[in-house]
Amino acid sequence: MREQDIKQMVEANFQGSTARVQKKGRIIVTLVKESAPGALIFFKANGFDHLSAISCTDWLKEDEFELVYHLWSYTERIHAMIKTRIPRSSPVAISSIPVFEHAQTYEREIHEMFGVNFEGNPRLIPMFLENWQGPPPMRKDFNTREHVKNAFGMEDNLR
Amino acid sequence: MDREEIGKIIKSPSKWGQKYSLWAVYFCTGCGIIEIPPVLTSRWDAERFGVMPMATPRQGNMFLITGYVSMKTLGAIIRTYDQMLDPKYVVGFGSCPINGGMYWDSYNTIKELDKYIPVDGWIAGCMPRPEAIFIAVTKLWMMIDNDAATGYKRYKENYQYYERNQREVLPHLPKFAKPEHAQIG
Amino acid sequence: MRELELYFGPQHVGMVGNFGIILNVEGDTVVKARSNPGYLHRGFEKLMEYRSYIQNFPLVCRINVMDPDPNEMLYAMAVEDLAGLEVPPRGHYIRSIVLEMSRISSHLFWIWGFGNLLGFDTIGQWAMGDRDYFLDLFEELCGGRVYHIYIWPGGVRRDLPPGFADRLCAACDHLEEKISDYDDLFFNNRIFAERTQGVAPLTREQAISLGITGTNLRATGAGYDVRKDEPYAAYSEFKFDVPVMEDGDSYSRAIVIRLELEQSISIIRQAIAQLPDGPAWNKVPNPFKWNINPGETYVKIESSRGEEGVYMVSDGSNKPYRVYFRTPSYPTGMLVLERLLQGASVSDVGHIMMSLNIAAPEIDR
Amino acid sequence: MIFQAIWIIVLPLAAFLIAVLFLGLSRKILARIQRRYGPPIYQPLIDVIKLVTQEENISHGPIFGFGMMLALAGSIVTVLFIPAGGIHPLSSSGDLLVIIYLMLLSPLGMALAAGAAHNPNASMGVSRKFVLALAYEVPFLLSLLAVMTYTKSTSLVEIIYSQQGSVVDWGLLRLSLPAIATFLVLPVMLGIRPFDIAGAPQEIASGPMVELGGKYLALAALQGAFHTYVVVALYVDLFLGGGANFLTFFVKMLVIFLAGLLISAVLPRVRIDQALRYCLKWPSLIALLGLILVLLTGR
C-alpha cells in the first residue's frame, strides 16, 4: 500500500515526526515547526503537487495554533495533511510561497483571521475586513456574540 | 391604459415617469442577487414594468439591497446611494437587511439597514421569490401615487441621525475621515 | 500615457457578484490588477462554531449561492465521516441526481453571465429561462428555488415525489434540445471565438502550481476530476466522460463548461434508470443531544467550479470545533485572476473573470 | 418663407417621434427575440419624462452642461439639413459636406462633457468613440465620394433628384458597391450591438454616459435618438432615393433600421481593435472598388 510507504519515508526523513494513515487516501503527518518547509519540499518532490489549502485551528487549551497544509497527489490519489503547531503567544511561521506560489492568499487570510505572521510573505495586508479593530476574529477567545452586542447594540435580538 | 390612468398622467406626468421607469442600480450586494437575473430575463421579464438594470448610480433611481450587508459593502452602498439623483427609492430584499436574518451574530454584517440609509419598503424571506419583487414594485407604484415613498426626503431631513449611525460603524470612510467634511449636515 | 486607477466593481455591470478589482490602466491595457474581496465576508467558519451540527445546514448552502448543493453535500459527508453514519444506496443515487441538477443550473447561470459580459444578451436570456425548469424541479423537491437544504447526514431529507423522475427527464430532454440552439447562436459564433481565443491562456504546469482545479484545470489539458479520482455518492456507478480542452484560454474554459452540460444530463439519465429501491435516508440521532466523537476529517467533492473540500475538527461536543471550507474560486479569484489580467485589454476584464467561473461568495465566505 | 420656418420646428419634432418609436420598437423586437414580452412601445417616452423630472444633487461645472447641449444641438441641426421625403428646410447646394462636419459636432460635445466629468470610464469611452469614428469615416467618405462623383453634385437634394424615376434609378442598384460598404459600417455609425464599444456597460460602465444623470442623461438619450435618425435618413437619401412623401421615406427608414437591428440581436460585442480591423478591411475595400468603378465608367 502506497500510504504505508509514504508514512515510512516521512518518519525516516524528519526528526520528531509521526505519520498516521487515517483511511484509504488520507495520511496525517505531524511535524515540529522547524521541519515544515522541508517537508513541503519533500512532498512536492514526491508527486504531491497540488496544495489544496492551508487551514489553521486555534487550540485554546493547549495554547497553540495548528497549521494544516492539505496536499493532494494527482498521480497517487492520496491526500496528505501536514500538521505543525506554533505557540499562541508568538505566532510566527515560515512562509511556503517558495514551494507553492498560491500559498500567499491562504497565508494572508490566516494572518488576518488568526494573527499568525508568516516570514517571507510580502503581502500580509488585510483581505476581508476593512478597518478592523480588536482581536483577529477567528481566534477562539473572540466572542462574536459579545462583539455584535457592543458594536451594533442588538441586545434584544440575541437568542 | 384606462381613463383613470390617462387622467393621472395628465395631472402629474412626472409621477407617471417615476412610476413606470424604475431603473435599478446594478449592484449585487448579497446572495439575493441570484433571483434578479430570472426576474430580468425571459421567464419573468421585468422590463415590461419598466424595470431595467442601469450601469451607474447616477442613472438609476431604484436601489435593491439584495441580501446581507457586510461592513465593507455598507461603505459602498452609502457611497452609491449618495450619488443617486432624487427621487430615489430603496427596497430591502430578503430578511438579512431587515434584522440581520441568519447572520444575526456575525461580526461583519450590519443588522438593521434603515439605521444607515432610509428604506422605502422591504421584501421579507430568504430567498424571496421573483413574484415578490413584482409585488414590491407594484407596492412602490402605489406609494409613489400616494406620495408615501419619501425615503430620500427623510434622508435629507434627518441627515444628522443617519450620519451619526454611519460614522459609528464606518469611521474610516473618506466622507467622515476629514474633520471639515464631518461638519456638513 | 497617463496611468489611471480604475475601480472595477463592486458596483459595476461587468462584475458578477459583489467583488472588486482595482485596475491600473494605461490606455486600454491593464498594467496591474489587485483583487479586492471581502464585500461578502460573513465569517461562516466562526458562526459554525457557535451552532450545533444540524443548525449549520442553513448556513453551509449559503457559501455559494449559484451552486449550493455541493456545500451541503460536503458538510453532510464530513459529519457522516466523523459520526460513522451510513447512507443507503438510494440516498447516494438521489444525491448524485441533485448534485448534477445543481451543476446544470450553475452552468446555465454561467452562460448567462458570460454572454452578458460579452455583450450578448440573447443567449443569456435563453439560458436563464431554461435554468428555471431546473429551479422549478428543485422547488418541487424541497420547497425552495435557490437554497435547498435537501442533502442531510444519512441521506436526503425525503424521498423523490411521485412522478419527479419523469419530469426531470422531460427537463433534460428540453435542455438537450436547447443546447443545440446555444451552439448555433453562441458557441459556434465567430465573434465569440475571436473574442475569447488566445485570451488569458494558462499552461497545465501553471494551472497545477497555482492550485487551479475543476473546469479551469481541465481546459488546460489535465483530465482530473474528483468524481473520477475519489468517487463519492454514486458516481462510481455511472459512465461519463471528463471533457478536456488543450489550450487553456478563455475559449477552452467556455467549451469545457458547455461540454459538461451534456455529461451532466447523461449522468442524471443513468441515475434515474438505475435508481434502487429502499429507504432514502438513515435515521439521525436527536440533533439537540448529538455529540460527535473527537476527530478530524477532510472530504472533497467536485463542485461546478472545481475541487471543493471541507476540513472538520470535532472535540466531542455537539458543535464543530473548527470547520474550514476549501473553495475552488479561492485560488482563481485572487492570485490567478491578478496574473491573468496583467496585460489584458479593459474590454476583456469582465469576461476573463467570468471565464474562470469565479463565485465571489466562495472567496469571502 | 413662413412654411420653411414652420418646417424648421416641425421636422425635429417629427424626427424625435420617429426616433423614439424606433427605440421603443427595437426594445420590443429584441425582447421578442429573447423570448420575453417586452416593454410598451412608448417606454422610451416614459424614461425621458422621468429623467427630465429628476433633480441633480451636485454640479459637474458649466462645461459639462455646455458639452451636452452642444452634442444635442449638433444632432438637431444635422436633422434640418437632411431632406425627409420632400421636406428640406435648410438645404442649399453644398449640404453633404456640411452634414459631414455637423456629424462630428456631437462626439465633440460628448468629449467636452466627459472631460468635465473627471471619470476614467468617461474618458476611455470618448477615446473609443473617436477611434471608431476614425474607422468608419474611411469607408463612409469613400462611398460618399463615389456618390458625389457619380452624380457630379454635393447637394443631397440633387442626389435624391437624380434617383427619381423607377427603382432601377436608386443608388442601391446604380452604386451597389458603395451602398453595400455603407450598409456594412451602418452598425458602427449607429453604435449598435457588435459595435456598441464606446458605451459598453459591462466594460467601462456605459462610457461617456457614466456621470450623466437626470436632465443630462435625457439630453444624451435625445442625442442618441436624433443620431439614429440622422444616420438612417442619410442612408435612405443616399441610396434608396429618399421618399416621394414623408410616409414612403419613413417606411424605407424602418426597413433599414430593422435590418440593422436583427443582425445586432444575434451578435456579441467585439473589441475595439477588432472593430478597427473590420472597418478598414472589407467595407473600405468595397468602397474603394466602388469609387474606382465610378471613376472608370463615369456617366
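We just call them A, B, C and D in the order they show up, numbering each chain from 1.
Note that contacts are C-beta pairs under 8 Å (C-beta built on N, C-alpha and C of every residue); 3 or more make two chains touch, one makes a residue touch a chain.
Quantities reported herein were computed from a predicted structural model and do not represent experimental measurements.
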Ask   = A-B or A-C: which has the larger count of contacting C-beta pairs?
value = A-C
Key: Between chain A and chain B, centroid-to-centroid distance (C-alpha), Å   = 41
Inquiry  = Need the CA-centroid distance for the pair chain A / chain C, whole Å please.
reply    = 24
Intercentroid distance (Cα basis), chain C paired with chain B, Å = 29
Key: chain B and chain D, separation of their C-alpha mean positions in angstrom   = 36
Per-residue multi-chain contacts in chain B, two or more chains = 26, 41-42, 55-56, 72, 105-108
Note = Flagged in chain A as touching 2+ other chains are 128-130, 137, 142, 144-145
Inquiry  = Can you list every residue of chain C that touches 2 or more other chains, as numbers and ranges?
reply    = 12-13, 38, 41, 43, 46-47, 50, 125-126, 129, 364
Message = With touch defined as at the top, which chains are paired up in contact here?
response = A-B, A-C, B-C, B-D, C-D
Ask   = Once bound in the complex, which stretches of chain B touch chain A?
value = 71-72, 75, 99-100, 104-108, 110-112, 169-172
Inquiry  = Looking at the complex, which residues from chain B come into contact with chain D?
reply    = 13-14, 16-18, 20-21, 23, 26, 41-42, 45, 47-48, 50, 55-56, 58-59, 61, 82, 84-87
Inquiry  = Quick check on the complex: what are the chain A residues that touch chain C?
reply    = 22, 25-26, 28, 49-53, 55, 57-58, 68, 70, 72, 74, 77, 79, 81, 100-102, 104-106, 126-130, 137-138, 140, 142, 144-145
Of all residues in chain C, those that touch chain A in their complex = 37-38, 41, 43, 45-47, 49-50, 208-211, 213, 222, 224, 229-230, 296-298, 300, 307, 309, 311, 313, 321-322, 324, 326, 330-331, 334-336, 364
Touch list for chain C against partner chain B, complex = 10-13, 15-18, 38-43, 46-47, 50, 58-59, 62, 65-66, 109, 112, 124-126, 128-129, 131-132, 135, 144-147, 360-361, 364
